[in-house]
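Both complexes shown next keep subunit A, but they swap its partner, so subunit B is in the first and subunit C is in the second.
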Partner chain A sequence: MTEATSMAVATSALAERGRRHLGPLPLLVVTAALCLFLGLTRENFFSASNLYSLVYGVSIECLAVFAFTYVMVLREIDLSVGAVYALAGVMSGYLLLEGVPMWGAITIALAAAALVGLINGLLVVRLRVNSLMLTIGTMLLVRGLVGVMTTTLRGNTFPRPFRALSREQLFGVNVSIVAMVVLAIAAILFQQRSVLFRHMCYIGENLRSAVIYGVRADRIKVMAFVASSFMAGVAGIYTASRITHADANMGLGMEFTMITAAVLGGASLYGGRGNAAASMLGLFLIAVLINGMAMYDIEPVFQQFVIGALLITTVAADTILKRRG
Partner chain B sequence: MQLGSMPLLKRWRLEQEAITFAVVLLLVILLAWGSPAFLDSNNLDSLQTSMAPNMIIAIGMMVLFIVGLFDLSVGAVMGLSGIITALVLSAGYGMGAAIACGLGVGIGIGLINGLLVAVFGINHLIATLGVMYMTRGVIEVLLLGAPLAGFTSFPLAFTMLGNGSIVGVYWMFLFALALVVVGEFVLRRTVLGRRLYFTGGNHDAARLIGIDTKRMQIGALVFSGFMAALAGVLVTARIGMANRYLGIGLEMNIIIACLVGGGSIAGGKGSAIGAMLGVAFISLITNAFNLFEVPSEWQSSVIGAVLVVVVAIDGILLLRKQRVSWQTILGWRSPRRNSATLPAE
Partner chain C sequence: MTDTVLALDGISKSYGAVKALTGVTFSIARGEIHTLLGENGAGKSTTLKIIKGEVTPDSGTLTIEGSPVTEFDPANADRYGISMVHQELAVFENMTVAENVFIDRPPCRGGLIDSRAMNARTAELLELFGLEIDPRERLLHLTPGQRQIIEILRAINAERKVLILDEPTSGLNARESEILLALLQRLRAQGQTVVFVSHRLGDVLQISDRITVLRDGAVVETLVNDGLTEDHLVARMVGRVLSAMQHRPAAEERIRQPVVLEVEGLSRREAFEDVSLALHRGEIVGVYGLEGSGTSELSHALFGLIPVEAGTISITGEVVDDLEPLSMIRHGVSYLNSNRKDAGLFMSRPVADNISAPVLRQEARFGMIDEKKLAARAVAAVKRFAIRVASTDVPPQNLSGGNQQKVMLSACLAPDPSILIVNEPTRGVDVGAKAEVYRALTELADSGKSLITFSSELPELLLLADRIMVMRARRISGWLTRPAMTEERVMALAAGTR
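The block that comes next holds the complex of A and B.
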């Protein structure tokens, strides 16, 4: 336990210190070192099945963290991702059992997810409300709907074609892994090449001057919120297909894993920077950490503690860096 | 405007509290009219005993709102302090020692929050959230392997703290009301109260006129931890056992109650009376769900919707104060033409 925690603390601090100049390299080194450590001390860590299930699990969350990071770049936050993730998953299952054809159900569920994002985005840009409080509200609202639908479903298993979705393979691996790689490459290209990303950084750095210089901040923000909810919805449907039944606790606390991962990957709560590909790496670090704790037979109750500590440490490092820079 | 010519509610800064009061009154009338069980003594008992701890926590949270912060760890602190009190009691120590330990836990965690936020400058959402996770972890570790309803043998004097009543009114409830009165007095009539409002109203200006804003923030977080612990001790006395699920998800209800009762995320605004009314509102809504037998899954939705509406109204009021026209707020006119709608610094 102490090993894992102190390691996490040391690693994240290290990752933060060098980041300004080295980009996500320290995070990569730390993740690799942790993997190596686990691989050397536990024989089954490097087994193909363990690694594959690790990557597979992370790849689904990566879909959601992609757009989530860009919301953070804009100096907003979307705490409703976990609830929307559950909503899309449970809702598509609900519609399927109501007899809606599969692709229809998926489309409706994704539209519902995007609608939540649209509401978040419009309220944030029109009424200038604090996105933190607002998305806590939408989170509770959506969670309630998820609860109602799960109670109606009573643990029914979803139909076979829907369950088969998550077993779909491409190039010999699950589709979500391919999607993760594609998204990571797209993120890197987007961050290096596109004007839109630079505008997003301006908005996060200084909204007022960005608006004065003609950046369409409102439109970009609404788009980012919609994208964040939509991607969470995609991940949720995929997960629902994977776990084969409706679970009210799906995605509980996911928003905080996302924040931790994004900050590990170089995003800041104060906006203006972020790297979706590195956020995915951050998710890997968290997943490896949890995996390692399981391998060392550490009580699962400690996981909460470690994630809490990791969250505080990364954000503390982010804050101190920000003050110095 | 001359102070004397202002309407009374405005002069006392109780406008939003008055609206909340009206809504609460309306709810009471509707419930009394719609459900015969509402005025039943059982229902009134459970209303009082569920409101009292929440009111106590809400006073602490409202002070935080006033200095421009909030605390997500209150639910977990409440749980931990209740469990510590129960553990110390069952270890054979006296009641005073047990309560002191429980309250000490709250003060300690509040101090950690305060140091993280004011000294290290960590965003208060993240700091208190991380502390919440860690406190919940500690609770699980402490009760590892313990039976669900462990530690039930408390001395009579301790259980009386939570169950004693006089002509149908619980002591606990009277105590909470007294705290509201004291809190309101301190906020309105003392230098300390003034400083709290200044700290939240304009942080930089407050520092420039010589207020130690860091100490105000630490103090407010310690106070909120203390109040949460106090509530935890009282609830443990009321239910008569250590409960590891105590206070889960409570922080959101308290924050919503404070927003409904006139607090603002931006800081510098709020009152103890508002905290009380906000808690009354949330408790009555929950009570209505139970009385009308609405499935409990809907509760979260309704509370979330209330939060969204309150946050939206807060935003609209702020924009109207900056004299932004309704057309711009609702998006009928392009905002980019109008310099008044540029976001504030």
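The block that comes next holds the complex of A and C.
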């Protein structure tokens, strides 16, 4: 092959890549269209306070969806995120009221969250337990612990320094928003260039091939489960500080929002792909949808119906695309 | 033959450029045990598929009970009363023996399954063949041999005209296959027509009335089993003209080269026992064995893909402590998987990504990938192996089998290994690409790399290998070195009973 044909091969390679990867563009268009529709039909949608509270609310969940997406890339799933989120939040409050210093309480709560992830990861890797069933188990188990702790905490408001955490600001916005932006940029860089992410895609697409080529599949899977729980824990602590008291219903159903957002963002239940930044955009779309329904005075019960329909649609679309692909 | 149940006349079938069958002609008489014999890929399974109606032949006629079959459709088996017991077990582990026997049409009373009648009938069948199994036992608790027998009972219970058994004894131990063969003889005594496919020459000679030998998609001869010996069969199974390629010379000199890989007493339960071998620098060792001989498990174990229970693997004199793929790679070993659809490729990721999969870490700086380096590597591989691909960003799923195989080989060679474990290097590859793969493997050995090649294609091994290790019944049955390596000798070691 001559130099010229090598060049031709390389150039058409770029064109091919462009054609196959529309990426999160359709999601962006749909979200923008929905925002525009709500902005034109409801006068207060585009108000600064509404938009800010939307972004602020989403930013906390974004912390959790970041690592959750990478578990899906590995062709696994972590349904215990919502429960772990509640565990970290309630546990830090519980420890504070027991007299543990604030940063000590936070550290212990995060360690507990990470431990749940470690257990998930080790069971998946060592015993080859199906992660869907396993994490339903850990979800119920952790929910039980949360229930016990909230019963002892009933009615107590968390100490002032802890409540102040969520009001902490950086560059004039809440810290969680800054964190979201940083994570989104980190995700894009990580996905584009890093060896680790490429290895994760290999594992998700064909575990046995990955093993033949020397990818440390087990180690990476455990790491991802730990990261998923840890990030859910961070989000949980931040939320606990924001809502100022322990709530047993914290993060209830959050795992379903996460799956919907991740699949909207291009992750597949069949592994091998995913985009954490786009998952964050998916969360934003869901939040806008809920916000819009509230503005149209749609019953909260019916909101659940819409989220359910969205989940089914995205998952069905994922399965159909997989079959064609 | 007086009463012909089934006859094939001039049946041909091609898959693309590959001729699977050419002018296959033979007939099966009522009440006989007729064996189809041939190497892997000789055309046995295509022939069976045509008989069952799953595959439409390009030309020729199939006649069943005197009337030619015009429409080929999987429902034919049912229509013409043909029953097949597959190589792979198709039993329901959590159901009872009786439920497995009556899978399609359980006896009913008032719309409900009549368990009592079902168990009674199954007990009769079991007794008829001298089997002491409770009809209410779950299949889970039976041995593989017993399960195989239950599958056969299912076929018998359906009372079909022709019963086809594809490699029924490959998974069985000696006692179990004895029971099975006795069962077949008893069936013949009742007038049942049986088509038997097996590699085990001893079994074949023991029970067959007639034997049709297939080679390269054509019938060599239909023999009446009267005074035949294993040698007669072996001579007809092989004896093909080798392709034009010549083997590289001076095989005996390679044994004087230093040993790079040494395997001692490697064992794994129900897979292989006490395997020892030494691989020299620049040498190609071939491993041959028929299905169930343990070669495929051995190939996996040599790369640490499955654990072993005993034995050691040393590379350049150093024992490998943790037998797992990553440490084998670090010792300079690469592995080419036998089935690229299963593992070895990432079908929907770009070719460039596939080729650099084993060396991503080395090609990166601070954990960040340099796409240009990957593309350059892929372009070099495309050039080296003449891979026909529009761009290095096309995923393998859009490529032909031969090109997929070359992509997989490129990935294996990416870490510049000194030892290659090559498994079925030309499976599902057309003739042209085969020659290219052979040339690539030979060049690797000439450049001082050492190869262990597992293949079910005997001519391929004879062409490539300096020495051949033959396995039978999970053990090494012999070694053959170049001048003494012939198809007959390999086959006698692989299939014979001596």
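Operating definition for what follows: the second predicted complex is superposed on the first by the 304 of 325 C-alpha atoms of A that agree within 3 Å, B and C clash if a C-alpha of one lies under 4 Å from a C-alpha of the other, contacts with A are read in each partner's own complex, and residues count from 1 in each chain.
In this section, a residue touches a chain if its C-beta (ideal position, glycine included) is under 8 Å from a C-beta of that chain, and two chains touch if they have at least 3 such contacts.
Predicted, not measured: the structure shown is a model, and the values here were computed from it.
Once the two complexes are overlaid on the shared chain, A:Leu196 sits against subunit C while remaining clear of subunit B. Of the two partner chains, both subunit B and subunit C are touched by A:Arg208.
Residue contacts after overlaying the shared chain place A:Thr151 against subunit B, while subunit C stays out of touching range.
Of the two partner chains, subunit B is the only one touched by A:Leu123; subunit C is not. Looking at the superposed arrangement, the partner reaching more residues of subunit A, out of subunit B and subunit C, is B.
By the document's definition of touching, neither partner reaches A:Ala48: not subunit B, not subunit C. By the document's definition of touching, of the two partners only subunit C reaches A:Gly272; subunit B does not. In the superposition on chain A, the residues of subunit A contacting both subunit B and subunit C are 208, 211-212. Contact residues on subunit C toward subunit A in their complex (touch as defined above): 303, 305, 325-326, 329-330, 335, 337, 342-350, 352-353, 357-358, 360-361, 364, 367-369, 375, 379, 382-383, 390-394, 411, 415. Only residues 1, 6, 9-10, 12-17, 193-196, 198-199, 201-202, 205-206, 208-216, 272, 325 of subunit A touch subunit C when the two sit together in their complex. Subunit B contributes residues 116, 120-123, 125-127, 129-134, 136-138, 140-141, 144, 252, 255, 259, 265-266, 295, 297-308, 311-312, 314-316, 318-319, 329-331, 335-336, 342-345 to its touches with subunit A in the complex. Every residue of subunit A that touches subunit B in the complex is listed here, in rising order: 123, 126-130, 132-134, 136-145, 147-148, 150-151, 207-208, 211-212, 217-218, 256, 259, 269, 299, 301-302, 304-305, 307-309, 311-312, 315-316, 319-320, 323.
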